[in-house]
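So that you can tell them apart, the chains are marked A, B, C, D, E and F in the order they are listed, and the count of residues begins at 1 in each.
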Amino acid sequence: MWKWFHRLASPPHLYRTAAAFAPWFAFAAALLIGYGLVDGLVFAPPDYQQGDAFRIIYVHAPSAWLSLFGYTTMAVAGAIALIWRIKVGYAVAAAAAPVGASFTLSALVTGSLWGRPMWGTYWAWDPRLTSELILLFLYFGVISLRKAFEDPNRGDRASALLGIVGFVNVPIVHFSVYWWNSLHQGGTVMRLGKPEMPGSMLWPLLAMLAGFMCFFGAVLCVRVRGEILSRERQSTWVREVVSA
Amino acid sequence: MHEPAVGLTAEKIHVWRGDRHVLRGVSFAARPGCLLHVHGPNGTGKTTLLRVLCGLLRPESGVVRWGGDPIETIRSEYQRAMTYASHEAALKGDLTALENLRYAVGLKRRVPDAQLRTTLERTGVGLCADLPARVLSAGQRRRVAMARVLAMRSTLWLLDEPYTNLDAKGGDLLTALLDEHVGAGGIALVVAHHALPLTGAVDRLELAA
Amino acid sequence: MILRSGFWAMGGYARFVWPSIGFALAILAWNVWSARRHHARALVRVRRAIQMARSEES
Amino acid sequence: MSAAETDVGLLRGIGLVLARELRLGFRRPDQLLQPLVFFLIVTTLFPLALSPLTSLLRAMAPGVLWVAALLSSLLSMETLFKADADDGTLEQLALSSQPLGAIVVAKTIAHWLVSGAALVAMSPLVATALSVPPRALPTMLASLALGTLTLSWLGAIGAGLTVGLRRGGVLLSLIVLPLAMPLLIFGASATDRAIGGENPAGALYFLAALCVFTTSLGPLAASAALRITLE
Amino acid sequence: MSAAETDVGLLRGIGLVLARELRLGFRRPDQLLQPLVFFLIVTTLFPLALSPLTSLLRAMAPGVLWVAALLSSLLSMETLFKADADDGTLEQLALSSQPLGAIVVAKTIAHWLVSGAALVAMSPLVATALSVPPRALPTMLASLALGTLTLSWLGAIGAGLTVGLRRGGVLLSLIVLPLAMPLLIFGASATDRAIGGENPAGALYFLAALCVFTTSLGPLAASAALRITLE
Amino acid sequence: MHEPAVGLTAEKIHVWRGDRHVLRGVSFAARPGCLLHVHGPNGTGKTTLLRVLCGLLRPESGVVRWGGDPIETIRSEYQRAMTYASHEAALKGDLTALENLRYAVGLKRRVPDAQLRTTLERTGVGLCADLPARVLSAGQRRRVAMARVLAMRSTLWLLDEPYTNLDAKGGDLLTALLDEHVGAGGIALVVAHHALPLTGAVDRLELAA
């Protein structure tokens, strides 16, 4: 296990692994998202309370999920890199940040569009909503801190540290609906035991969740490859790979 | 004065800093083709004198004249004719060496980038032209500052310890440039702690403690 | 079935449903585009570094 | 070469300094966005700190918007001359054959372009989040545009006076904020009247007058201030 | 000389850095007052920008107080390491035989003493001007005291991360403000509840917990940040 | 290595800055009583090397050892034994020269003010002891920095162009101090562009372009 971990941590190996995985992720993502969209938008019955507006869930929940998953990926990769001095960790963290930020934006926008018919307003200063907005700011902070350094090594380490410090916000986003009485509804899918949703609504949602995760994986693979290339541009293996 | 009023003259410059009477009636005349080597122990007012001469500091008493006129009265003409290089290299860290030159020299005369590149090559930092000044080494920054002085094509150079941080080759280059400038009828005031190995004549102005 | 007008109307919520689907898909598309551009730029940087190294050698 | 051939005119000088400032700004595009982000963050802080009742929000919105604009403009103002003073390039600019006033004008305009103008462009979004009704937006935009330009000039004077002082930033706010008070009062009241459906023309005219006044005297005052502190 | 005779212990090291910071602060008493004056100005700007109805003022007061405290603390935070980094003394401090954490602790405490503590002491005056009833003052004082200390630690982390960057100040706020938002929410709500006559204990406990948390982890995180940026 | 592990050694230090491979496998050993003169043209990495040696910069590869141990592992011990003087004088402008010394040296060892004053007098800036560092001249600042190095009483000195801005007397003083330090079994690494006129032996480390 430890050996495998170390092998993966070598840049050329991760570079090749990412290349091998990317098309599979992309393929799975296309299938799952395609199925989820069609089944969710066309075949699933309208919600008895929300009518057809509930269909926004098929993009909102996966986006919101990825916003948290992306941040977690970034923080964990950064922590691994900082603690064990594993350089590819920084590459993964740098690759995850913009992707996660984009899904945070997507969660905010789709959520607001959903909020208007449900709560009568696009925006409210509700704990879940606010903490999600803070998450976006944190992403921005991490990204611009990395860019603010001339020396990429220092930028990597500084933004990894900030990512770790900012991680406190992730549980806040997730649990805010339980800790405070919130406009936003609590977990429906991830509840242990029986989900309260009928299968006809649930299956496309699960497909979308899985599809978005695969999509994240595919994009991350491509970005990690790019990060590794430009970080290792002085090394001989990159030169061989590129000039070949 | 019965001599023709050309070049830079200073008459009885007095400057106090805090409670110290730093410059106590400094006078000199520097005519075209003259290099004035300003020297003296640390803290005797060489930098202070140069700042007075370039008009950044107003002396308590005394006049600085350029071509016979007090410099305050002909400020823009004087500033066109003069270039000052201070203790620090005065470069913008976020701009490249070339851009630094472009925006500094460009305010004095129109100059194409190609010419600035040539000047940078001449002072030995042609390869650093497109690096941000922030990452340059101390000596490279000095060389860029030297290129700026050159590119200004001013008559009067006021240089505060220009040999600082330069390697042996850089020092020789600077000496050659000073020789050339003075030989072509320019005026240079140079602060330095060691003797200047110029081929031409060197006047010396000693500031005593 | 898709062609029935009720589908596009989304039960009166079209104004909210379609923009959010559209925005989410746009984010997906942006991610694809920017990841590919990111990779292409990295390649350019590597090529430039190789060139610089060659010119330094010679 | 003849003097005429190579002499640099006033306009060309201003253009060159403007180009320099913009290039410095765009060299770090993320930093260009920072006054904006600051503006956004400060405006989100308020609803957070208050119980977010829409009626209360709307009543506060003009105040919040204007105070945020003021602070954000002020923060970025601090670096107007300070960065140049620290690395010695301000001295070099002052010793160039261009008049100091021209340099001040160029730097201030560049500052407004990269901070004030961007802020104005962003403000409708923020205003909407603070539940300002759409009909008040044109007035708010006009008042903010005039106001931020005036602020840039006031800030230039303050920055000129405080450059070279340690922690000049906070001192700068002490100097500029009192000067900016009339601006704030009239700007907020114009927006407020527009929200309430009243006629905001009076306050807008006053803002315009202030803007013209500072634009004409600002360069003079700022370059005088700079000359004093440079010595 | 023997090592024991001349070795400098941890506490003595912290004390020395603390003395240095305070001396630097008091060397310019006018600048010492600046975060305070900034706090005063921001809190007076609001009533100016709004129609000063007492009821509205009272509803806004906790928010205004807290936002002003946050911004004022943040602004002065910027110089925490920057001044030392610019003149090279931070490097010397880092290379001294004292652990970097000790130096960070000393600097942060000094910062809190000259900005946070002074601000807390001043707040009753401002609160009264914003027509906060006297019965809410103890809660407000307690919440501000806890809050500003927490802020100082958060600020130290942010300042450590951004030291040496151009326009680090705005980046600093981008980093620190999101982290400070929970603080703001709970601080303002404690004050708000106290004004409304409700029990603020819950929010105060939360603030106290945050304060303990940041005080214990802050030095670690801030010195790690500093070590990264110093390189 | 079969030699006893004392002093400072560097093994195959590699550092990249941007796209430049600045230090390409620098190795050396400096034993007690040794002065290592680091020289080479501008921009070849002398300053970079010194920052690696004092632990402010982590090299891409290679180790720096003090008494045989890598310096990261014995950081506080190493920092107690070492003093670094950078290109700039590293003084706090608002503190007086004496206070600057007090707070810098005080973190390494307990030292009474009187002793610091004596050190300042020794480096020729006794009269500036109570002036804020801000108003000192370039050479005076250097001399205060020199006093700081002296007062630290460290075994290892890392000095980056310490002769900068010093007048002739100041240069001689510095030479004498270096001689004394090395003579007493200390180690000094000195970056300088000219030959060092020391009486003792001088090792040379040349960094080539």
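Everything below uses one rule, namely that a residue touches a chain if its C-beta (ideal position, glycine included) is under 8 Å from a C-beta of that chain, and two chains touch if they have at least 3 such contacts.
Small disclaimer: the values here were computed from a predicted structure and weren't measured.
K.L.:
Which chain's mean C-alpha position is the greatest distance from subunit E's?
P.N.:
So the chain farthest away from subunit E turns out to be B.
K.L.:
Are the interface residues of subunit B and subunit F largely the same numbers on each copy, more than half shared, or largely different?
P.N.:
Both copies, subunit B as well as subunit F, present the same residues to each other, with over half of the numbers appearing on both sides.
K.L.:
Based only on mean CA positions, could you tell me how far subunit A sits from subunit C in angstrom?
P.N.:
Those two chain centres are 15 Å apart.
K.L.:
Approximately how many whole Å separate the CA-defined centres of subunit C and subunit E?
P.N.:
42
K.L.:
So how far apart, in whole Å, are subunit A and subunit E when each is placed at the average of its C-alpha atoms?
P.N.:
33
K.L.:
Going by the touch rule set out above, which residues of subunit A reach two or more other chains?
P.N.:
130, 137, 140, 144, 148, 151, 234
K.L.:
Name the residues of subunit B that each touch 2 or more other chains.
P.N.:
93-94, 135
K.L.:
Mind pulling the subunit C residues that touch 2 or more other chains?
P.N.:
Subunit C, residues with two or more chain partners: 49.
K.L.:
Can you check the complex and tell me which residues of subunit A touch subunit B?
P.N.:
Within the complex, subunit A touches subunit B at residues 150.
K.L.:
Mind pulling up the subunit A residues that touch subunit D in the complex?
P.N.:
Listed in rising order, the residues are 121, 123-125, 130, 133, 137, 140, 143-144, 147-148.
K.L.:
If you look only at subunit D, which of its residues touch subunit B in the complex?
P.N.:
Residues 5-8, 12-13, 16-17, 19-20, 23-24, 27-28, 84, 87-89, 91-99, 230-231.
K.L.:
Going by the contact rule at the top, pick out the subunit D residues touching subunit A in the complex.
P.N.:
Subunit D residues touching subunit A: 28, 30-31, 33-34, 37, 41, 44, 47-48, 52, 54, 129.
K.L.:
Show which residues of subunit A lie in contact with subunit E when the two form their complex.
P.N.:
Residue positions touching the partner: 130, 134, 137-138, 140-141, 144-145, 148-149, 151, 153-154, 157-158, 161-162, 165-166, 168-169, 172.
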